[in-house]
Every structure is written in C-alpha cells, then in structure tokens.
Amino acid sequence: MLESEYQEQNRFFLNMGPQHPSTHGVLLIVLEMNGEYVLDPQPVLGFIHRMHEKMGESRPCPGFMPNTGRMDYVCALPYNHGYVSLIERKAGIEVPERAEYIRVITSELNRIASHLLWLGAYLLDLGAFTPILYGFDDREHILDILESVTGSRLTYSYYRFGGVCQDIDEKFVERTRAFIKRLRKRYGIYEKLVTKNIIFIKRTENIGIVSPDMALRYGMTGPNLRGSGISYDIRKNEPYSVYPEFDFEVPVGRQGDCLDRYMVRVREIEQCLRIIEQALDRLPEGPIRSKVPKNIKLSPGDCNFAVEAARGELSYYLIGDGTSTPYRLKVRVPSYSNLSCLPELGRGILLPDLVSILGSFDLVIPEIDR
Amino acid sequence: MDNIIKNFKGFLIDQGFDAVETDYEQRGYHLEVVLTVTQVREFAKKAYELGFYLVFVAGFQVLADPETPSPHSGLAVVYQYARHDRQYRIKACALVPDSLEIPSISDIYQGADWHERETRDFYGIVFSGHHNLKPLLMADMDVDVHPLLKEEAKLKSLDAVSWPSEAPESTE
Amino acid sequence: METISTLPPELIRMVISAIIVITFLFLNAIMMGYAERKIAGHVQRRPGPMEVGSHGILQMIIDGIKLVAKELIIPFNVDRTLFRVAPLLSFTPVILPFLVIPFSEKLQARDLNMGLIFIVTMGSVNVMACLVGGWGSNNKYSMFGAMRAVAQAISYEVPILLSILAVILMCNTFSLKGIVGAQQKIWFVFLQPVAFLIYVVAGLAETNRAPFDLPEAESELTAGFHTEYSGMGFSLFFLGEYTNMFIVASVATVLFLGGWHGPHLPYGEYLGVVWFLLKVYFLLFLMIMVRWTYPRVRFDQLLNFSWKYLVPFSLANLLITAVVVKL
C-alpha cells in the first residue's frame, strides 16, 4: 500500500517535443513518468496538419500532384507513384513500359536515400554522430542523380499521368551504375562503424519487441512489420508497376526488436540496388508518356491503390463522381499506423529505450500529420 | 487465388454479410462488403480471427436521402482490410445513422484508435465505445470544426459516387 | 620597482603562475575545441571549420567572442542564485588542480605531499556544478541530467580511486613529483596495465565524455543539465569540460605514462614539459576519437559496467599488487 502510494506520488509528466532533438520533427509525446521509467507515452499529433485530403478534394486531380511529394519529404517518389497509378487505374490510362522502368529506378533510388538518412538519424538518436555524415555523403550522390532528371532534390513531383515528365539519358544510367558500385564498396564501412559496434548492439537488441500479433492489431507495415518476421512487401505481395519482372528478396527479421528493424532496412538497401541494376539492364526503348486527355474524368465509384513507400504501405483511396475533381481522397500513410503502437510498446521502459524505439520506427512527422 | 476469394465470399454470405466480388484491376480491392451498423464489430472480429489487418478507417459524405429503406445521415465509414500472406483486400462500408453514432472497433484493432479519432475530427462521426475520442489531428479547441464536411450544393447522392450497379457482379 | 620589491616574492610567484594557468586554460580550451572539430571533421570525411583564418584556425576565437557577447538568458522561475553559481562552480575547481600538476621537474607550482588526493577531491567538486545547475534550472530535463551526473560520478569515482591506489602502493607517496620520479626506469603503464585501462575508461565517464555523456545526452535530454544556459554560462561549462579532460589526461600521464620522462632534451628539467604535453594530448586525441566513433550507452548499462566489471577488476588488481609488493 505504502509502496503504491509512493509510486503514485512520484508520477510526473514530461513533454517530449515538439522541439525535442529525437522526435524528428514536430511531434509531441506526453510521457507519464516515474524516475527514468516511462509509464505511459501518449503521442500528440497535428502540429503540422495541413489537411492534404481537403486540398485533394478541392482541385482537379493533376493539381494534387505536388502535394504528394510534401507528405513524406524524405521519400517522395513512391508517393508520386501511388498517386499517378491511382488516377491511371481510375481513368484507365495506359503507361508505356519505359516510363514504368524509369519510375521503378527513381523510386528505388529514393528509397535508398531514405534508408541512408534514417540510418544516420537513428544512430544520432543513439548518440553516435559520425554515421549520419557518412549517410549524407552517399545520399548526396542520389540527390544529385535525381536532381538531374526530376529538377528537384527533395519534394519531387516527377511522375505524370501516363508516364514521367522527363526522359533519362545515357549519363543518368552511367551515374547510377557508378553509384551502385560506390555504395556496395561502402557496406564494409557501415558494418565496421555501426552494425558490429558493441554499444549499438547493446542499445538495440531485445528492445522494443513488436510481436507479429501486435503488428497485425496496429496495422504496421513496411520494415517495421518485416522486422517482426512477417514477409509482407507490397512490391511482392500485391505487385504493381513492373516489379514482378525483377528478382529481389524481402528481408525479414527474427523477433521484431530494434536491431531487427535496423537489419531489415540495411539489407533492403542491397535489394533496392539489385532492382535498379536489373532495371537499368533491361531498360526498354520507347515513349515515356502516353496520350492523356487534357481533362481527366474520374468516373463514379471508388478505387484504391497501394504502393510500398520507404516506411510501409501507402494507400490512396479515391471516390470519383464523374468530374475531374476527386469527390473524396483518402491517403493512408504508413507511419501513422506504425506510431500508433507506441503507447502499448512504450509502457514501463526507460527513457533512452523510448528514444531508441522511436528512432527505429523511422518516423516522418509531416507524413503522419498530413 | 480466385478460389480463395470465392470461398471467403461464400463464408461471409453464410455469416449474413452482404459481400460482392469486384474487379481488382479496376478498383484495387477484391471484395466489397456493405455493413449495417450492427455488423461493424462482428465483421471486424471475423476479420481479426482470419488474420486480416486493418489498412485504414475513413469517412465520406454524400447527400442524405430519406427515401432509401435505411435512413442515414449522409455520412459513411469505409474500412479497408488486407492480408499479409496473400494478395487480398476488402473494402467494407457502413452508412452512419442519424444519431451519427457507429460502434468503435478500436478494442479489436487497436490500430483503429487513431483512424477513428481522425474520422471524428474530419466528419464528426461518433464512435461509441471508443476510450478516448479526443481531437487528434485537429486542435482541442476545434472540437466542433469538421473540415471535410461539404456544403449542401457540392454534395452528391450515394448512387452518383458509386460504381454503376451493372458493374461486374458475379452470381456465384 | 620599489613597490614590487617590497611585495613578498611568494605573492609575485602566485600572481604570475595564476596568470599563466588561466591563460593556458583558455588556450587549451580553444585548442581542444578546434582539435575536436577538426578531428571530428576528418573522422566524418569532411574538412571541418575552414572559413575563419587559414583552415579555420580562428574559428574558436570568433565563437568565443560570440559566446561572450551573447545575452545570458535567465528563464522564468529558476532559482537565480543557484543558476548563476553553477557555471562558476564548474569552472573554479578545475583551475585548482593546476597548482600541483608537475609539468616538468621544475615546473610545478606546489609539490603537496598529498597532491593526488587534492586533485581527486577537486574533481569531485565538479559534479556539484551539474547538480546545482540542473536543480536551479527548474527544468525536468536538467534535473534528469543532474541526477544522472551524480549517480555516474559516485559510481565512477570508486574504480578511479582503486586504480590510483594500485599505483600508490607501488611508490608509497601521494606527491605527484614523487610518483613521476618513481617511473625513472619503467613507466607504470607496463607494470599496471589493468589499472591504466580502468583509469582511462572511468576517466572518460568522469569527464562526461561520449560514450558516457549521459548527463547531457542531447538526443534524450536535449542538453541535460545545461539545457537552460546560454552565452557565458554555457561557455563556462564548456571550458570546465575541456579543462577537466586535460586534468584527467595529465593525471593519467603522471600516474602511468611517466610524466615528463622521455628522450633527453637540453634543459631537461624545464623542457620535460614537451614530453608531458605530448603524452597528455595523445590521450586527449584518443578521447576525441572515441567520442566520434561510439554511440552512447544506456544509463543502467553504464552503472552496471562500473559496479559489475570495473570495481571488481580494480579490486582484484589492487589485491594482487598488494601481495606482489609485500613479497
């Protein structure tokens, strides 16, 4: 009795965020704590809520294109990809094969950039300063390559309904191949610096274990789900674009702790490189855009399109009403569901472990808040 | 694959759900289920038992139509479920009655918690049985502001935003 | 001229050495800050500061001026006295150990016969600064940092003392000069490798350097005990940290690396300082390299490491030393 009273008296609240270094953006987590132990973490969202869904409903569908790149700014091209594919499915637009190949190549490059940035940021959360600069170093090459075709470095809106906006040239292919070679050489550095680091392993192993059932209940997807040992990747399980033509594996973890989530992402980088390599080898010639009516009519009825973004399943759900403006556009973002398990996962752990778990989820707050 | 969809559809119809197979290439999901308010929880339980995960919960608004057999407020909730082990996506849709109340499934799928709070923010749909139906994306003071509700003039009837009923409908 | 000659020579000596020490201390902090940023830069495959002066050599001076010119923000509702005292408390005790450090045979302000005890005592005052600053800031993150600092200092002082004791047993004196003198033939690092390792690890923890920088762990506690400090308040903590690092490294040099001993130099009794500083900066270089390589350990892992590994090992080492010395 006395003990519990003592416990009760020692509870206090700690606001982690919205300007905390390891919440990666404007996320507030209200922590109910006892000493350094977290009793109940409750995320508070909406600091940068911009109502993208309303914007989608209030303008003709091409006008929403730039918005897609601004939800998940770290990995914007899969967001582009999902949206154009949705409209293409809805309006029955054919896409030339070359355009699909270009989409896959650029999306995968963007995914690697996202994973590299995450790797650095995660290690920064754990207190190691150096890996983020190594990650940035490699990521810079990707950004340069993407800049040469998309014209932007972060918030891309490169894809168009029925194709892409600009063709890739010999130089792009050359630079991409050079980058693949370079990144493969860098694996050893990352392995020595991070993966085999004893402190890193101590900080991530057996921490924040997400069981498969828990992942199911919360609708987790992406590397966070695969870390729990479930092989679920939309690129494999619900193939879209030209992904079925490529030979790649879906890496999975064993028990769903932070280390597994880390390993899954690191091994995914290699799979992305494999996809890019195959796509470059088989890149077909041909047009990059098909004829698309100027005013795309969205026929009545609903339609869904899911793609694998860097953080998990991204679903666009659209209800059309016969005009060119969507009647309803719902964006299902992966981090939203991934983060929602935090109150359950973060009960009774130490504050540094909470930071480790948050980092391992690879959150992008503008994507959660939309 | 088709076999599984058929089996599952038959199973759902046996259980009393109104399930229609759809063209995946056209719509992006395999099965459309129309739920009544009382079936929402029942369906979620079944889906959980069968190993589906909840993709999202969303709302949408159409013109309220008092002529239809089941009077509704014009609001509807869409649930989407999918599976990890095979390509299989279900869209379940329920019309919200005039009381604006619909049972919460956040105790079956904890992931629905935030999706329901978000839907309440945007449309004002009350999920009864939800443990913490506070504004999530909207600010606390904007508890009565529902940004996705449309003006009367812009609303369309449910039929105007649905696939035409002669769309592929298998008769089994 | 007359006034100077009437002053007691002792006082003149004191004033001059105080000026030298404080100048050295600021210079050391500037140099260390520059070295830290340059080394970090090269570890991370970037050039580091390059803009101000040749290869950014004036960067730290500019930064110092910026920090001095900054407003000292005192947040609402803090304990003003404690808040102001804490930076001074962190800075003052780290000057005093310079009194007894033997830079070379003749360059030593005072050869106290218990100099080592003096240094260790002053080192533990430093943790008071963290506690006072953290408590006075009226901020929960600062409080976390302060509590961590205290727990960490308590658990790491034990292995430090035990490893020092092993050396003391071998040379029977607390005088730093005496200890260096005893290493004329062989440095104690070869006789006491375990004690040296324990001292270096515990010293890292004692100076709150990564991977043991838990009191300020910026990804967990924003900046720990000095979250609320700005301008000069912050820079005094910063100075304190670098000076403390220097002291820990010079104690290690005195105890294990043979102090000023090295290949013969002309005016060896004065120029021994070159060997001394080389050894100290070599240790500091190691500390910087460690910081930019490793992630931060968790708090309970840190304490476990001290009580489960360092303390038993240093006790065993002490016991063996005692037995061997007795025989």
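For clarity, chains are labelled A, B and C in written order, and residue numbers in each chain start from 1.
We adopt the following convention: contacts are C-beta pairs under 8 Å (C-beta built on N, C-alpha and C of every residue); 3 or more make two chains touch, one makes a residue touch a chain.
All values derive from a computational prediction rather than experimental measurement.
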{"item": "Remotest chain, chain C as reference, centres from CA atoms", "value": "B"}
{"item": "Most central chain, judged by mean C-alpha position against the global CA mean", "value": "A"}
{"item": "Intercentroid distance (Cα basis), chain C paired with chain B, Å", "value": "64"}
{"item": "Distance between the centres, which are taken as Cα means, of chain C and chain A, whole angstrom", "value": "44"}
{"item": "Computed distance of Cα centres, chain B from chain A, in Å", "value": "26"}
{"item": "Of all residues in chain A, the ones touching two or more other chains", "value": "none"}
{"item": "Residues on chain B engaged by chain A in the complex (per definition of touch)", "value": "25-29, 48, 51, 53-56, 58, 60-61, 78, 80, 82, 84-87, 89, 91, 109-111, 113-115, 122, 135-139, 147-148, 150, 156, 160-164, 167"}
{"item": "Residues of chain A that touch chain B when the two form their complex", "value": "45-46, 49, 51, 53-54, 57, 86, 89, 215-220, 225, 230-232, 237-238, 300-306, 313, 315, 317, 319-322, 327-328, 330, 332, 336-337, 340-341, 344, 369-370"}
{"item": "Chain A residues within the chain C interface of the complex", "value": "12, 14, 20-22, 36, 123-130, 133-134, 137, 193, 197, 199-200, 202-203, 350-353, 355"}
{"item": "Chain A contact footprint on chain C (complex, rising order)", "value": "40, 43-46, 140-141, 144, 210-211, 213, 217-220, 222, 291-301"}
